[in-house]
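Below, chain A partners chain B and then partners chain C, in two separate complexes.
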Partner chain A sequence: MELTRILQILSAGLIIGGIYALIAVGLNLIYGTMRLLNIAHGELIMLGAYVTYWLYTLYGVSPLISMILVSAFSALIGLIVCWSIFLPIIKTSKSAAVLESNSLLIFFGLSVIFSNLASLLWTADIRGYSYMTKVFYILGVPLMHNRLLAFLVAVVVCILSYLLLQKTMLGKAIRALIQDREASQLVGINARFIYIFSFCLGFAMAGLAGCLLSMFYEITPFMGLPYTIVAFIVIVLGGLGNIFGSLMGGFLLGLLETIGVSLTSPGLRPILSYSIFILIILVRPKGIFGRGVY
Partner chain B sequence: MKPNTDKEEKYLLDVRAISVFYEAIQATWDVWFTVREGSVTALVGSNGAGKTAIMKSISGILPTSEGSILFMDQVLDRLAPHERVERGISLVPEGRKVFPYLTVQENLEIGAYSRKARKRLNQTMAEIFELFPPLAARRKQLGVSLSGGEQQMLAIGRGLMSMPSLLMLDEPSLGLAPIMVKLVFEIIEKINAEGVTILLVEQNVRQTLQHAETAYVLETGRIKLKGKGSELLENPHIKKAYLGL
Partner chain C sequence: MAKRAALYGFLALILALLCLVPAFASDYVVSLFLDLLMWIALTESWIILSGYTGYISLGHSAFFGLGAYFMAMTWTHIPYALGVLSGGLVCLAFAFAIGFPFLRVRGPYFVILTLGLSEFTKYLFINLEIKLGGTVGRILMMTPGLETLYYSVLIVGTGATITAYFVKNSRFGIGLFSIKEEEDAANSLGINTSIYKWLAFGISAFFPGMVGAILALRRSYIDPYTVFSPAVSFQVIVMAFLGGFEDVEGALLGAVVLTLVSEALWAQYPYYYMIILGAIVIFIVKFMPLGVLHPIKQRLLKEPQ
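Moving on to the complex of A and B:
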């Protein structure tokens, strides 16, 4: 294979990998701190994409500005959902097992409501818009501006969230809570606040991912599910509750998928991801990085 | 036994007839005891007597279904765990519960999470490293990589980082080598000498009674005996049931 072709595949893998990382870090934050698996994560992506689309087509709001608006909007949805549904059921659930099964059902319900609401409001038509579609060349590899932008934003947000977790007291509190909930309360961490914060941050990251994806992928009410599944695969790949692992796992899955697809055919993408998923569960059920690198 | 009604003494902690449940199982009945400011007070008893349940309810992890807990003459009952830390109560939990994937230094930093402690974080940490030199040497290591004794030091250090007026220690000697057990008791005396009131929960009855000013004996969820540590060491029931004499 010629060099430009290889570079092209690698760049495509990194671009989609950055978005996978963004999606997976958001999901893993909520799972790690609250032990709640957000099945509706992909629907937040879908909503983020629609909001960006409507703001752009109806009011001419640049997707660059929408990135901020959509993140804030998604965080607000997170706040409402967390405060009105999950804090009460955490309080009333008799055991972790009950909480886990209840929360799965609730998230499943939310995902059905969100996607059908979107289909009702905006019909199931496939939508899209073009923005920053100019092509430029790096080392002979053609790249569209919007993809490069999406990649850069995803990477910057991932690095910022990593720094937040590593360097700030709030981030250390989040990690402490992931590692030992009871001990974290004993050192004076307000668990309720951390739950709400992680929930909002996780939702905001999903919304932002939707905004980025809308610049170059089509938007439908049911676009979310594949991304939820991708996020699951990535957090298993990187280790449950291991945020750093999700970051790396996102890029890894993006690269593996793109390389695999370019060697075979696009139709095999899901088979490829599921094979990686099953392989990880069989060989390294704790994820590539185990639980060692929080 | 009935609570003493001596009104002259000032108590830092006043536990009044609390009952604590682990989910549906009742762990204690009408437990009362007091901790005098500046003292080392001990709660001793065998496995399953309800000691840990009491510690958890004082720190707010478990709710009390009956009774009341007063700290500095204020009722704690409705406060969340982090609010109790802010008021000056710190628990070094059973099994240490060091954060496994935070470094030694991060474990200590997070110990000073409460607002008032955060301002003095660096000074307090320097004091802790002075108290526990082995921790200073391992400040970049992950909690999970420490030995049992070092983890206990880290757990105590983390507990002190919140600058508590009451430090509660739940089974600090559990699973440690005899030489470490001795060291832990020495450290407790040192901390107490610095002005921190200590509430100590232990199965290691002999050593605990030697160090405690006042001790309470807990049996199957109820307070059975109260006395000075040195007196209880001579008590026939204690000798027979706990000291194997």
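Moving on to the complex of A and C:
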């Protein structure tokens, strides 16, 4: 294989990997702090994509501006959902196991509601628009502007959220809560605030990912589930609750998928990722980076 | 005890009536009952693993689809009854084969692992079908009549319900419940939890395999997207939760109620139906964690102390 071809595959892997990382960090933030596994994560991506699409096609709002609007919109949904459903449930659940299974069901309910509401409102038609489709070359590798933009935004947001966790007092509190819920509350960390904060941040990241994906992928009401599963794969790769692991896991999965597909055929992509997923859970359920990199 | 005997008599009467349904009811009613019994079979078999041990599985659609595809591939080559039974046995064997490593995984990992399993089998069959036949769907010809299908689902549904009942009221069932309560403690008391879970997983996979095999013939057209759809697993979970999650009567009532709701809404307003389904789930979990039907069930079926 010639060098340009290899570079092309690597760049495609990194670009999609960056978005995977963004999706997974958002999901993992909610899991890590609250032990809630958000099955509706992909539906927020879907909503983000639709909002971007409608703003662009109806009102000509540039997706660049939509990135901010959509993040705020998703954070608002997160706020409503967290405040009205999850905070009461956390309070009334008898044990962590009960909370886990109950929250799974609620998120399932939300995902069903979101995806069917979207098909009701906007029909099941496949939609898409073109934006920043100019191609330019780096080292002979053709790259589209919109993909590069999506990659940069995803990576910057991931790095910012990582820095937030590592370098700020708030981040320290979040990490403390991830490590030990009771002990962190004993030292005066406001768990309620952190729950709401990570919920909104996680939802906002999902919405942003949807906005980025809408620039070059098709939008349908049922596009969410595959992304939810991708996010699961990534956080399992990196370890549940391990934010840095998700970041690395996203790139790893993106690269593995693109390389695997280029060696075989595009139809095998899902089989490839699910095999990695099942294998990792069975062999190393703590993730390949282990624990402790909180 | 008298009350219990009356209950058994009542159940026998219902079963007898169900046997008579095709004799006097219209085709529409028969197919409604067929759907009902199908969901009963799926839900009752699901609670054997997930209701009793607390290992929530989203893998029911994998077994359902596997049974359906087994039937689609062997149909017209082997007799109908053998096909249905083998569809179940294939799933049983598959569950036994993957059971030990899969059931070592606990909590949310198990949930997403089983979701991954059902998606994995879906894409496996999509690729397999494209390799084998070039297209994804399969049309089944010369399928048995509605009545035959009805009676086979009746047998499978009754079988699943009776199995769930006997498992619950056995030593084995108590072992399964101890896994839900505190798996490590159960282990240290000498209950071989790995074997218990493994057996429950197998039994729980056997019935959806048979249901899938029958459903393939009922629909006469199948493709991996519909038979491996996660909606199957999800609907089963909602039914089980509606009725109270861990008992036989609850699953039965949940399946009946939701099938009727879906019958009323699904055909004309599929999106509304799904939205209502989602809202029901959230409502139940938030306000009635013991199941909506819990109070009714207590009044109807509570055995005297």
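Everything below uses one rule, namely that the second predicted complex is superposed on the first by the 294 of 294 C-alpha atoms of A that agree within 3 Å, B and C clash if a C-alpha of one lies under 4 Å from a C-alpha of the other, contacts with A are read in each partner's own complex, and residues count from 1 in each chain.
Please note the rule applied: a contact is a pair of C-beta atoms (placed from the backbone, for glycine too) under 8 Å apart; a residue touches a chain by one contact, two chains touch by 3 or more.
Because the structure is a prediction, the values reported are computed rather than measured.
In the superposed pair of complexes, A:76 makes contact with neither chain B nor chain C. Of the two partner chains, neither chain B nor chain C is touched by A:261.
In the superposition on chain A, A:189 makes contact with chain B only, while chain C stays out of contact range. With both structures placed on the common chain, the touch criterion links A:7 to neither chain B nor chain C.
In the superposition on chain A, A:109 makes contact with chain C only, not with chain B.
Look at A:180: by the touch rule set out above, it reaches chain B but stays clear of chain C. Counting the residues of chain A touched by each of chain B and chain C gives the higher count for C.
Common to the chain B and chain C interfaces on chain A is no residue.
Of all residues in chain C, those touching chain A in their complex are 54, 56, 101-102, 104-105, 107-109, 111-113, 115-117, 119-120, 123-124, 126-127, 130, 230, 234, 237, 241, 270-272, 274-275, 277-282, 285-286, 289.
Interface residues of chain A, counted against chain B in their complex, comprise 94-95, 169, 172-173, 175-176, 179-180, 182-192, 291-294. On the chain A side of its complex with chain C, the touching residues are 31, 35, 37, 85, 88-89, 97-98, 100-102, 104-106, 108-113, 115-117, 119-120, 225, 229, 232-233, 236, 240, 267-268, 270-271, 274-275, 277-278, 281-282, 285.
Listed in rising order, the residues of chain B touching chain A in the complex are 23, 59-61, 80-82, 85-86, 90-91, 93, 97-102, 106, 109-111, 113-114, 117-118, 142, 158-159, 161-162.
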